[in-house]
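Both of the next two complexes hold subunit A, though its partner changes from subunit B to subunit C.
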Partner chain A sequence: MHMGEIILDVRDQRTSFATARGMLAAVDGVSFTLQRGRTLGVVGESGSGKSVLSRSIMRLLPGNAVVPGGSRVILNGRDLTRLSEAELRRLRGPEMAIVFQDPMTSLNPVLSIGRQIMEVLMFHLGMKKRAARARAIELLTAVGLPQPDVRVDQYPHQLSGGMRQRVAIAIAIACEPDLLIADEPTTALDVTVQAEILDLLQRMVRERNMAMILITHDMGVVAGRCDDVAVMYAGRIVEQAPVRDLFRNTRMPYTAALLASIPKVTDPPHRKLDAIDGRPPDLINPPPGCPFAPRCKLADADCDQGKPMLEGPAGHLFACIRPLGQETAA
Partner chain B sequence: MADVTSSRQGTQTEDKPQIDMNMVAIAMHRRSRRLGLYFWIPMIWLVIVAVACIFAPFWGLPPADEIDWVYIQSPPVEGHPLGTDNLGRDLLSRIVWGGRVSLTVGFAAPFIGVGLGLILGLIAGYYRGWADEVIGILIDAWLAIPGLVVLLLFSVVFGGSLFMVCVSLGLLFIPTAARITRAATLNYAGREFVLAAKAMGASDFRIMRKEIFPNIIWPLIAFILIDIPIAIVIEGALSFLGLSVKAPTPSWGGIIAEGREVLSTYPHIAMYPTLVMFVTVLSFNLVGDAIRRRLADVREGAI
Partner chain C sequence: MRYLLYRLRRLAIVLGVVTFITFLLVNVLPGDVAYEMAGMDSTEEEVQEIREELGLNRPVLIRYVEWVGGVFTGDWGTSYINKENVWDAVTDRFPVSFELMLLAQILALSMAIPAGMASAFRPNGRADRIIGALAFASVSMPSFMTAILLIFVFALGLGWLPATGYEPLSTGLWANLKPMILPALSLALVEWTILMRTLRVEMISVLQENYIALARAKGMSNLRILWVHALRPSSFSMITLLGLQVARLLGGTIIIEQIFGIPGIGRLLIHAVYTRDFIVIQGCVTFFALAFVTANFLVDVAYAWLDPRVRTGGSHG
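What follows is the complex of A and B.
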């Protein structure tokens, strides 16, 4: 249970969907490892495959999803791709859990929140009703829900968005998972509540010594709260580095463009935003080379020759043959 | 909220008599939630009928098949408050005992139908795909068989057993119940809380039972409320035709059928059971409507 133990090892995860127009490669060869106590931020714009990646790890994909045999998801030394649905069910909750984006829809509207937490405790940990209720109140206290002994009998509609997300987190951590995936946990919340929820998640990871994957489209969220960051584009990780390194020493032009597109308080008023021109590539017929090449200011003819590998020195990986900061590196 | 009303009061106090807006709001809310006489009067009748039927042996009524040779086809007399029928059997006793049959069928048939329809609808709506196709085809095939044929078949094969009357009627309710369940299940099966439950290790059966079922119970209750009076009427019609429970056992339709033979001379024999059945069915409809309206409020508002 020491720090540094590898909780999750994803190897060449590929997830495609059979659609009317053809095979859509939503996740296209993603590999990474995650250690206990660490938080990996996964950043990318809509459609970059972040959420599909999280569902691929949990093995919660819809029926039209196709995962080739070479993909491996190894959680605590167990290869999830080789487990039966029944075996997976035993792991979901006690070993891995997920917090969804919208707490409005991820809680059952007709069951009291206490009931929803107790369900999980009674099912996975075999607790009796009374003990489960006591534990549910403890969990609600732990996630900072005010008046937990009253709230436990309330229904989701009686709670605010932030409170609901706290409940969703309480459910997710109820069985002390080793891996917590937070899939845009603050996107549906008020800005004022966002920081509280992120702080809470961070505290839970620290206190319970879990590993967390924090999926977001917000670079600001990643900056303060993650150990490592993986930037996703068109279903691939295009840059992965310790958070400090990624911001200080950005190598991948896409990451740089993402960072540049964030407006700064110090900018003069009425300044045009640095939006990234063009659109993300068609994932059914992806470009032959670097998927970002058509939008990249630094791209040249070589960029269209084959997909660049994700590689780099000293834990700072990037998938680019014309990286930024080349001069300083050389 | 209290702040808003109190500040409004402050401006009104000079010229108008002070009205506590909170009390008005509470009173209005209470009024809107009242069930009203259209609910309570029929409800009281149903309670009377139910208590009378359920505790039939305790009222000191003469047995429903005991013949009083002194009074045959008699109008109401001492000892026979509603008179006697063609064979001199006490009419009140027969109506009370007959009510047991009617109410049993009225409640059992919809529950059997909704119970089986619920299972089919849940499977079809949750799994979709081939399960949905197969169940859909089965339901269509079942609907192609006329209901009366099913009822006749059961009555011929099982010869008037009360249980089989309930089952045969229940079978007729399956298609609608299954379709209602399927539609409601489709609505909820794709919701994120189902995925969230799955992400916490819930099995399909568990999700159907614990996550989806509590959400779809309201349309099913409304459906049962509609079906109870329908089942009572159909059972009445079957008894009238002699296709329900066998002859010595009284049932409302059966008593009416017996009274029909002497309708011109002794109309009271057919009239009393008809009246009781009419008022009971009407009451079920009124109570059902009131509850369904209330459920609609609940679904729009609180939940």
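What follows is the complex of A and C.
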């Protein structure tokens, strides 16, 4: 249970979907490892494959998903790709858990929130009803829900969005998982509540010594709260680095473009936002070279010759043959 | 409380409309109870005399108002044919029909729920296709055909269940249920298809919901997800239909009671229609309307049980 122990090892994860037009490569060869106590931020536009990646790790993919045999997801030393559905069920909850984006729709409207927490405790930990209820109230207290002993019998529609997300977090941490995936946990919430929920997640990870994958499209969320950041584009990780490194020494032009698109307080009023021109590539017929090349200001003819590898010195990886900051690095 | 008053007012309107229309319809039918009472060889004068005696030649509206007045004072009238008290006749037979309908609905539901779930779990999968084929075969057959088929197989062929008859509950539960199984099944085999297909459609969309994904992420088994997480949010349309089907079942029981010789309200009604015994018809129809409105009231109660948002929402008029 010490820091540094590798909880999750994802190797060459590929997830495609059979569509009417052909195979859509949503996750296209993603590899990374995650240590206990660390938080990895996964950033990308919508459609970059971040949510499919989280479901691929949980092995919660729809029926038309295709994962080739070479993909590996190793959680606590066990290869999830080789486990049966029944074996996976025993791990979902006690070893890995997920908090979804929209707390308005991710809780069952006809079951009391107490029951939704208790069923995890009863199924995985074999708790009796009375003990599970007491534990549910403890968990609701831990996630900062006011009046937990009253709320435990209430239904989701009686709670605000922020409170519902607290309940979702209580469900996720109920069985003390080693890996917590937070899939855009604050996107659907009011700005004022967002910081509270992120603080709560951070505190839970620290107190319980979990590993967390925080998926977001918001660079600002990543900045203060993650140890490492992986930037995704078109189903691939295009830059991965410790958070400070990524912001100070951005190498991948796509990451730079993402950072530039965030409006700054110091900007003069009515300044046009630096949105990224063009659209993400078609994932059914991807371009042969770097998927960002068609939108990249620095791209040249070489960028269309094959996909660049994700590589780089000293833990700062990037998939680009014309990276930024050449002059300082060289 | 306001809601209850609203329901009662609706009940009163339904009963008023239904009974009045029936009253009118029986009146415009050729022939009346006077012919029946006078007998085949009677003269027109004799028939007219009986009409005079019974007050049948007075305007319809006045006779209807008189009948309504009687109902409110507990006098439902007496049969013109056999002088039986209508209230007694109806309340004697109604529980029998009620039991038949209840059994039919229970059987239909207990087929529709598991089958609907199995179909919705993998739409267009093998189970879905097999269940769909069976369901359409069974709904395509009218209940009286099904009844004859069931009698042929289970009563005449296998001899497991009686073909006709009725035993009151006082002779024991099984003795009472045994002759009811085939008639209830004949009705259920038509009704279950509609319930099943409705549940299937609603459940397919519920299974796409985020909270089902979360239940999976919590490690819940498919069976638990279907029964505990998906069934209740998926059954609104099915419950609504369950109430509306009572109307069809009331029609269905009339035929089924004839085939299986069950002394229910259906037989009473048919006999009364043949003899134009309108006071008995009125009694039966009033009960039918009452049963229908009550069933749909229970459906509304079921909504509140199904969905906590209805319970505490309080936005209902």
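By our rule, the second predicted complex is superposed on the first by the 330 of 330 C-alpha atoms of A that agree within 3 Å, B and C clash if a C-alpha of one lies under 4 Å from a C-alpha of the other, contacts with A are read in each partner's own complex, and residues count from 1 in each chain.
Basically, a contact is a pair of C-beta atoms (placed from the backbone, for glycine too) under 8 Å apart; a residue touches a chain by one contact, two chains touch by 3 or more.
Fair warning: this is a prediction, and the values are worked out from it, not measured in the lab.
Asks: Taking subunit A as the common reference, can subunit B and subunit C both be placed on it without clashing, or not? Answer clash or fit.
Replies: They clash.
Asks: A:Glu119 in the overlay: touching subunit B, subunit C, both, or neither? Say first, second, both or neither.
Replies: Both: A:Glu119 reaches subunit B and subunit C.
Asks: Looking at the overlay, what does A:Phe32 touch: subunit B (first), subunit C (second), both, or neither?
Replies: Touch partners of A:Phe32: none, neither subunit B nor subunit C.
Asks: After the superposition on A, what does A:Met58 contact: first (subunit B), second (subunit C), both or neither?
Replies: Both partners, subunit B and subunit C.
Asks: Per the contact definition in the header, classify A:Leu91: touching subunit B only (first), subunit C only (second), both, or neither.
Replies: both
Asks: If you stack the two complexes on chain A, which partner ends up touching A:Tyr254: first (subunit B), second (subunit C), both, or neither?
Replies: neither
Asks: According to the stated criteria, A:Asn108 is in contact with first (subunit B), second (subunit C), both, or neither; which is it?
Replies: So A:Asn108 meets both subunit B and subunit C here.
Asks: So which bit of subunit B gets in the way of subunit C here: 9-17, 27-35 or 81-89?
Replies: Stretch flagged for C-alpha clashes with subunit C: 27-35.
Asks: Identify the overlap between the subunit B-contacting and the subunit C-contacting residues of subunit A.
Replies: Residues 58, 60, 63, 88-94, 97-98, 100, 102, 105-111, 119-120, 123-124, 155, 157, 168, 171, which sit in both footprints.
Asks: Enumerate the contact residues on subunit B facing subunit A in the complex.
Replies: So the residues of subunit B touching subunit A come out as 129, 191-193, 195-203, 206, 210-211, 214-215, 302-303.
Asks: Spell out the residues on subunit A that touch subunit C in their complex, using ranges where they run on.
Replies: That would be residues 58, 60, 63, 88-94, 97-98, 100, 102, 105-112, 119-120, 123-124, 155, 157-158, 168, 171 of subunit A.
Asks: Over in the complex, which subunit A residues touch subunit B? Could you list them?
Replies: 58, 60, 63, 86, 88-94, 97-98, 100, 102, 105-111, 119-120, 123-124, 155, 157, 168, 171-172, 174-175
Asks: For the complex, give me every residue of subunit C touching subunit A.
Replies: Going through subunit C, the ones touching subunit A are 122, 209-211, 213-221, 224, 228-229, 232-233, 306-309, 312-313.
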